[in-house]
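Chain lettering (A, B, C and D) follows the sequence in which the chains are written, and residue indices restart at 1 in each chain.
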Amino acid sequence: MLVKDWKEFLIPYEQAVEELKVKFKSIRKQYRSKSEYSPIEFVTGRVKEISSILEKAKKLDIPLNRISEEMEDIAGIRIMCQFVEDIYKVVQIIHQRDGKDLRIVYEKDYVKNKKESGYRSYHIIIKYPLQTTEGEVEILAEIQIRTLAMNFWATAEHSLNYKYKQSIPENIKERLKKSAELAFLLDQEMSAIKEEIIEAQKMFEIKSSI
Amino acid sequence: MLVKDWKEFLIPYEQAVEELKVKFKSIRKQYRSKSEYSPIEFVTGRVKEISSILEKAKKLDIPLNRISEEMEDIAGIRIMCQFVEDIYKVVQIIHQRDGKDLRIVYEKDYVKNKKESGYRSYHIIIKYPLQTTEGEVEILAEIQIRTLAMNFWATAEHSLNYKYKQSIPENIKERLKKSAELAFLLDQEMSAIKEEIIEAQKMFEIKSSI
Amino acid sequence: MLVKDWKEFLIPYEQAVEELKVKFKSIRKQYRSKSEYSPIEFVTGRVKEISSILEKAKKLDIPLNRISEEMEDIAGIRIMCQFVEDIYKVVQIIHQRDGKDLRIVYEKDYVKNKKESGYRSYHIIIKYPLQTTEGEVEILAEIQIRTLAMNFWATAEHSLNYKYKQSIPENIKERLKKSAELAFLLDQEMSAIKEEIIEAQKMFEIKSSI
Amino acid sequence: MLVKDWKEFLIPYEQAVEELKVKFKSIRKQYRSKSEYSPIEFVTGRVKEISSILEKAKKLDIPLNRISEEMEDIAGIRIMCQFVEDIYKVVQIIHQRDGKDLRIVYEKDYVKNKKESGYRSYHIIIKYPLQTTEGEVEILAEIQIRTLAMNFWATAEHSLNYKYKQSIPENIKERLKKSAELAFLLDQEMSAIKEEIIEAQKMFEIKSSI
């Protein structure tokens, strides 16, 4: 494909990312407008770079005329949460929309079952119906849901991999894995503190009411 | 209603305006990305001011618990076109989406049948399904489609009405009507020139091929 | 230049357009927040397409290593007003900033002295100081100030010229010029109505106070 | 002050935040466009809520007519980095702009000298010259520069403090402090890994060239 054709191919993906970003950001706004706690801290989105699409197609042996059916993360949405529990609230919100403005294809819970590398996130692959100048099309998109700590680790790992991928020796991979455990401990500790505070408040209220 | 309650009431309208703006703007992008002429020049949107909602509810005798069913322009989208013909292309694009991501309630063609005041625009009232934290809701919205000349006139008329509404004498209303005719002539003249150029090009091509 | 080099060359222009758009849009917000009439109706901005830069450089005989000094409209800002009088208020606002966050190079008043084609607008060429990762640079930018009617005509003329430029015969150019006069009459008529209403209001107030 | 007056008071702060966000985001774009590593990962900004301004004014005993001179964080910009080293690169970039489009008032390095609570971030207080409809004004603004891990911890601490502030017992504060140490270890570990990889690459290149 020529650059011009790629640009045209990517147009519906850009549109899908735009619409999904607006939709998930509005969930946060709705909570905030009612002064309620929002399980969504912030939302980002991106269309995969042409070079990365080509690289991935080659690696996974996907013929170019099949990428819109087989490559699931050309359109990508990332939802960041503060606490691990919030991830599952967001998952539930997306489940409730299944069959309405999006359709869930499958899910992978890398939060409970972390990857070998240490990577943690909840992935939902969806089909998103899109109105274009040539009628309705369905776009594959990947939604990644993670805490800020998971995001910190994943972003750093990605940029290290990106810069040094040819020469990361095993012992460094091991260190990365350990830092992932640190990020995990951090999430756990924060959740625990949250629980403990709630507990302390209940005790306080019971005492007060005696 | 308290200001706080109004804010909460308006949240889904704001979300609907955001989503519809993204959707109609992307039509323009799609045409441009294929180097084709876009019938849409630009898109704006707004949620009606609380003060204007109250004023209109009073004028039309709509009880406050009925405004979400009876006031059609709390969420408003405006689509600007270059030529009158483009308006009907946009209308056709919206018709094709009827029953997909929106539902047409009714239409008013103030382009062919201008208002007494001189006002011209094509209005489509839609219901727009919205996913909220409390499930799906359907939002009434008004889409106005007009040329830049119609928009120029309507904007100026609106701001004159707004500033001086108590004291516009009949003779000035008459002048406003005449200026609407000027705007109409301008649209007609531009369309005619467009036609003539296309005709001239055909003549030129016929000559060239002899 | 390679596409990659062009992209890098255009980066500061994109940044300048972004900053100037934010700055001029905020003028409108300031007026609105005080419930005052804003002389600015809306603001757009764009960086010139590479193909258009090359075309213009060729036409004006500008060597490529001189375009940042000699091509004044690579960064372009357009400010739309409702009434002709507003144009001069905006000009005055820009004059007050001269030597502060921008520097005026020269001005052309195509409102009072319209172009042969019928084109009307007020142009201000500025130098805008920009902080980059490589220190401060000064960017040439063109600010066009016009009414919505001027903008309607200029946009239509531009798109007709663009599509049919090879074959516009003299008689059609003549018609375009006449339509420009219509747009001019429309502006004049709207200004006149505005004046008359103000006059009528004064009469009304005098009568009331007798 | 009435709500209306507050809104007017906050207008220049909103403008300053908008302009500063555009400016710092463009630094990232500049690096990316040259395919260079950007020390800035992302940028956010906000104007302090009226209720928070009032609360802080009361706590610090600032009279309301002095808040624009004495409250430094009404306009706030937050710059997120991937690695601790990047924070100091961003600080250097801001130093280079001192006296140009902003003026540094003072700085606090809570990265090297963390707060009692465990909080880490680099703060720069600036004065930012702003062109308004009423001439130039200088706005105080606070720039916070931190890693994603620092941001994760600070965000969580903030929301815990916000929700439970009346009843956080000492032992829970202690746990929060420990989790801050975890976040610190995470940053250190990531930096160390980065260094080790660079070292490994050098070794690899030396071997290759033998």
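Assume contacts are C-beta pairs under 8 Å (C-beta built on N, C-alpha and C of every residue); 3 or more make two chains touch, one makes a residue touch a chain.
Just so it is clear, the structure is predicted and the values come from calculations on it, not from any experiment.
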Q. In whole angstrom, what separates the CA-based centres of chain C and chain D?
A. 37
Q | Geometric centre distance via CA averages, chain C-chain B, whole Å | A | 25
Q) Whole-Å distance, chain A centre to chain C centre, using C-alpha means? A) 42
Q.
If every chain is a node and each touching pair gets an edge, what shape is that graph: line, ring, star, complete or other?
A. ring
Q) Can you list every touching chain pair? A) A-B, A-D, B-C, C-D
**Q.** chain C-touching residues of chain D, taken from the complex the two chains share
**A.** 7-8, 11, 14-15, 18-19, 22-23, 26-27, 29-31, 33-34, 93, 96-97, 100-101, 129, 131-133, 135-136
Q | Parts of chain A lying in touch with chain D, wherever the complex brings them together | A | 37, 41, 82-83, 147-149, 151-153, 155-156, 159-160, 163-164, 167-169, 172, 175-176, 178-179, 182-183, 185-186, 189-190, 192-194, 196-198, 200-201, 204
